[in-house]
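There's a structure below that I have some questions on.
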């Protein structure tokens, strides 16, 4: 079972110039064969199906714990895509309505993934960069520990490849921040699985790093995370389980030689931004303020505080200028 | 982000007579259009993509929180399938090996889902009862709050239908315990979404219950959960978020008239059983004891306790007789 | 546009011994690449997309009109499957209920297509014999008339192959009656498209008949239709359109030498049987009599006749014995 | 069975400026999860599989009859797409040929759905806006009447959402006319299913209207249909069946309060336009006049009138100017 | 480009007792994610897309050459499946015909993959063990040499897992002979890719062998091939290319320590058996002797030898008894 | 089994202006329903599954031999796509590196098939023009000889249609050269299958040529191949098999009346170009010169010649100017 908390793994830049074509490309990191849904679901199924786990506890803990972190990566990719799509349709201020007659979506006809607009509410889809849905064929859970780990090492390698290429293709600041972060964290998982294979078989995979052969620190957006030490840490994403991570995750980082370390707490993260309504796609409604009024009333009836309780990053302050610009353009 | 803890939502019976054909049917509740992967992923994507969530906080909290519970349902379905598959290939005791020459999988040729054995290690797959993979087309996240809730109500309705039919088809105790539990918890989610629509629009959906028109309490395996009050409770699956659930989830249960209540903690669950090795499918290895020896050594090197730390249900005591029987038969 | 009338193309035998494995095989004729959904949708899309149709009116009329007949074939395959599935779960008489606790679907665990029971209400699915859904890739509509006709000839040829093999595999009387009929009517369409190609290009395709090389009249279930002349007739399925069929559909039947003829009316068909409720799968409800009571009341309020108006074949008389037997067995 | 007549549900504007990118978007209304193939096939399968239909006749009649209307909607979407694609490749007048060497399709390289040109003859495909084929997984036919109706209500709701967004995205007059019409007729079906649920269970769904929350009459292209009363009428699409529609379809329209009414005849429709040849894609031939000559000869041999018999809208007069313009541009 | 020669990689046993359920399982080795179509197509696409191949010639040669061998493995899997399906429908001797009325396929209703009989002529399909088609998503060709090799090593590892499990499940002699051979040859490819990675990066993968951890020589059906030295040899499948294999493929076999060797010729193979007609599925015809008569005549007209020229294994002598038995049973 | 040789069927022009949108369209000829993967796999499976082949040897030889040629067509399509993608990302000379920070893939964001860049290394994919993977459903192998040949004739017809349209859409010289060649060779296969049907049944299909009705010699890029006589020849792609081709492949070419001839050797082909590295997508590496150094060393250790042995077309000389231009632009 899981507990969920409303923080995202890192701070993404606020909505600025929308980039629907870029958002369509970033979908590869969501629903592609090597996207975050794949890493999340692969490790999750492997952990569910892990037989004889007491006898292999350090390895079980490793797989189960990384699975938990991957949920946060799926979330982060979604957030980046949502950020990039924000403003791609007009977002009038206040109670002003969008006029459907004025073709508020005409600017995105033929641009990016049409289902971002026709199916979703300018939101992420469980699809890849060609608009094809993620599917269960991408999950490998043979039950054979060495094979599953071999798969996982390969999966992280393919994922690193895709992240680097998305980085090279999409200049939107949210995409760059996203890939910078994922490269560092995916790199840690890549090491973790290689090390696990090493521990079980003696095979030395460390010389494969980095693969693809771009040193992680050449990517400027990786730097803040490297400086924080995130390229060395495995966070423990559990209130009390997965205590045996240190039995596998140790030794030097093959790129830097520094010592790997298990961080005995989950990543702290930051409150997500409350991305603004996009009434042209009825998200969260054609007239969102009606929803807000009802919500306020319901909160009162339930004896809850007057102000919404959830923490969100201060969107208003930070994105005011960016949104205004985008809105103006898409009118 | 999530924290994960190694407990499953309810105690499932230990492995007994294996039922691969039944396990293939239960896959419908895993990877079918109305399976638990669908409920989990639908609510998860809706929560990721929720725009203007501060203005609609009680509804955001509802969707985000139920998503968290659904992860546990995916896990429970996997556990039930794994339980039903245990013993379908010979499991000799101790260090005794399985002899591949003796066709240890011949008993399951033509029975159930062949990929349970050929692709997986007698483990759950992200597929439906026809062996087709779950895919992202099953996710609906329009961004329009009323529509998403309408979808969710319909999804839970279809899910209830499927659970009832799996209950009627599969007599294996793990399948029955599973469906009994899911019917009660799914029923709560069905009510929650109906109530949310009611709050937003005034439309009265309560007269639709139960749908399908079998009263939940007619299913004996639902009773222990009803007695515990699980048909009335929405658990809060978060350390500190989703405080506004009570603003939506309140009023009477349409089947019993009792008051719905938000339970301010996650479901407690129970430690999962450590399902035994199935060496014929190399799970977790053709010679699992080698893995165990390495694990023990690694644990020592890391200064961890001598005994594995993770809590698991006491399989040995409870399933001794059942496993012996199953093993004997499959030899 | 279409008008619909509640008759099916031929009388199928009443439900008798259920045959879920046979029903799963018959699905090939529904949702397989050469199934009736394919013939229906291919000709329908070709007719929708037909450019310059005035200049090619006889050919347009041919394709558009055969499309209309194919709808009736999809319907007939569905009816046969539904007939074969009837009685596969217990059907108590009167208001007696099915007891879900008694595993009313256990007899079909591992038999046939599980989604006939878990997804549907013992009803036909848009799937093939492997449980895979029909999909739009099976439609060929190039817009090039000669090519589309070449495709259609090939499609009918593949369809004839599949029908013959289903005939050889499934002994259930409904399957045999179905395939006997479809072989005759499909044979007419096969001829029609071959003749159309002949008219347009001069290529002589008549020597290809019969293909596969089993003379149609070797199949006893084809005989009544041959005796009625259905192997020579193209019915006009329209109130007033498709007048130019005779310009293409003429000359001798390549198997018998008899003259082909355009029949200036639709096939008459027969009223369908009202297949009995299957409460174990909640079709049409767990307690169907409640629905019936409401329907009666609504009919009265609307000033309609006391008895339901739709014509259905007299099921009660004809299937009494068969159903009783099947019900007894499935208890 | 069906009869087919060559009229389309409403008059669409003649071909004008081609809009291949728009046509690719409109495909969502054809082959998307909520497209017209889905509504057509869902209600069709539900009606085929309807058990105990005599006892539930008004509901059977409703589903079966709406299915028949949906065929006309699939046809209308196809016609709109075909209209939008007309002129996207050069269409020289008279017997003049297109020169393949001059890259007559280069203008559409990278624009819209490539298979509109490479696979089809500038014609509609059974695909969605991402070029993925419609598939049978989109059909829900559980056999449980209340569930099927709940599904249908949700399906129409999702369809309305998609239609509104396509309306906002595509300015081409054919797309706008199409969506205006479909919104009105889909709205009627949405009401019909909601009312049916109400009749069966007492649940009041009327307050959900309109959903999405854009009043239908805000869309100018809906107006002519509302003025004609099409937002209140259920047409009976059958020579003699489906007499019990009034038992369910009655009471007020939830948006306007006016009385719903069963119209005891099918919609009249209008003759379709004969869309002009597009020789660059060989539709209906590289040299269509050859086909026309053969057709004329065959018609004579069959003793048919000299002029083609089928009624088509007078394309020549109405579209002369538009086509000329488009042709000029695409040369 | 390729040259093709009509020999198969090893002698498979003649048809004996048919095993349609086993044949359905063996399909996993054909069209599964790790089946031979995947190995063939992966290496083929990687070789087609190999950039800068002169600079990396030994690696290009390795991938291109193994691709060529894999074609023979696809062929061998097909042959094994065809062998196992032979006799599953009645095969009367001489010109005697099969009587379709006697349900010659009823014995295989509900057994194995229905499309082996309904779609194919008791022949192999490009599908996996669940009847799902192989698809291009299974191909990984990133263009990054180290990554492609990492993938290939993992692919061969997954393939070895699947072969071992099919070996354990299916006792039919053709399946056992097939898997015995593929395990040895796949093992060589697994080593080859591991060695290539080693050469490029220095990472030592040899300790991963064998994986899964069953020594190859424990499988009796592997022995003849090991005795012949096939576990050490890389055959050069080209008239004159791929000369640089020895630059990569050298050093010790990690399981046995013996020296790897490049064999400068293709595997010799054996003539395939001419599998007998199966007239119930019209393979090669409902009346195959008609085809034979035409072939004889055509051969004469072309001045070819009186007897067919192609070499085939002497089926008649070897399989007389086996076929007789199978035929008798399936009558 | 096959032997492979490193020549491609014809000389394609060197890389020049990259055309990623065109390359995406050309994918239809690779992984589309009528693409070269389909022709290759259809004939290959038909030959594998051919029963009673001795009695039908000329036909077996025909299908098996054409299959072998089709491999070369798949290869040629891949080469054309790779050529068209070359230069779409910057390719600095010598050891100069690409700087990932400078968004070297931004120019192709939203252009063509994103997976050409994100998944592949600017290389061909087993997908169609909509980015959907080729799948095994495209293979028809009924085992019935006449039907398989009918299918093959239709398949070649559909393939000719697609090739013509790709020719009309894509002006890139590699695409034009490719389609010119494939039209001629596909035309020969189309004739071969039509002739085979004629021989077996007497049906005269020759009047269907050409279909689509564009004479092949109207395409300038077909001319050199027609002049060489390639429109009349069937090459024998085998060291010693397929001797009976002349029994079927004879008589006049239906378009020109010239005599068809079996050419008793494979097509000679030309050495392929060694397409240059594309370091922005890590093909063959982020720093390809490192790979080259290792390769040189390995070659020496193995006693191989100093220079790479494989023959490749002299890219440097021929494409110097073109590449320089493309590189400059994409910087």
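By letter and in written order, the chains are A, B, C, D, E and F; residue numbering begins at 1 in each of them.
Quick note on the criterion: a residue touches a chain if its C-beta (ideal position, glycine included) is under 8 Å from a C-beta of that chain, and two chains touch if they have at least 3 such contacts.
Source: prediction; values computed, not measured.
Common neighbours of chain B and chain D under the contact definition above: A, C.
Minimum number of contact steps separating chain C from chain F: 1. Relative to chain F, the chain whose mean Cα position lies farthest away is B.
When you average the Cα atoms of each chain and compare centres, the chain farthest from chain E turns out to be D. Annotation: 39 Å between the Cα-based centres of chain A and chain F. Mean C-alpha positions place chain A and chain B at a centre distance of 24 Å. Centroid to centroid, with C-alpha atoms defining each point, chain B and chain F lie 48 Å apart. For chain B, residues that reach two or more other chains under the stated contact definition are 33, 119, 127, 130-132, 137, 142, 144, 146-147, 161, 212-213, 281-282, 285-286. Chain contacts here follow an irregular pattern that is not a line, a ring, a star or a complete set.
Which chains touch which is summed up as A-B, A-D, A-E, A-F, B-C, B-D, B-E, C-D, C-E, C-F, D-F, E-F. Taken in their complex, chain E has these residues touching chain A: 33, 137, 140, 142, 144, 146-147, 150-151, 153-154, 157-158, 161, 197, 201-208, 211-213. Considering their complex, residues 89, 100-101, 103-106, 108-110, 113-115, 117-119, 127, 130-132, 280-282, 285-287, 290 of chain C touch chain B. Touching chain C in their complex are the following residues of chain D: 1-9, 31, 37, 41, 44-45, 48-61, 64-65, 67-68, 71-72, 74-75, 78-79, 82, 119-127, 133-137, 139, 141-147, 199-200, 237-244, 246-248, 250, 266-267, 269, 274-278, 281-286, 288-289, 291-292, 294-295, 298-299, 301-304, 308-310, 312.
On the chain C side of its complex with chain E, the touching residues are 21-22, 24-25, 28, 32-33, 111-112, 128-132, 161-162, 164-171, 212-214, 218-220.
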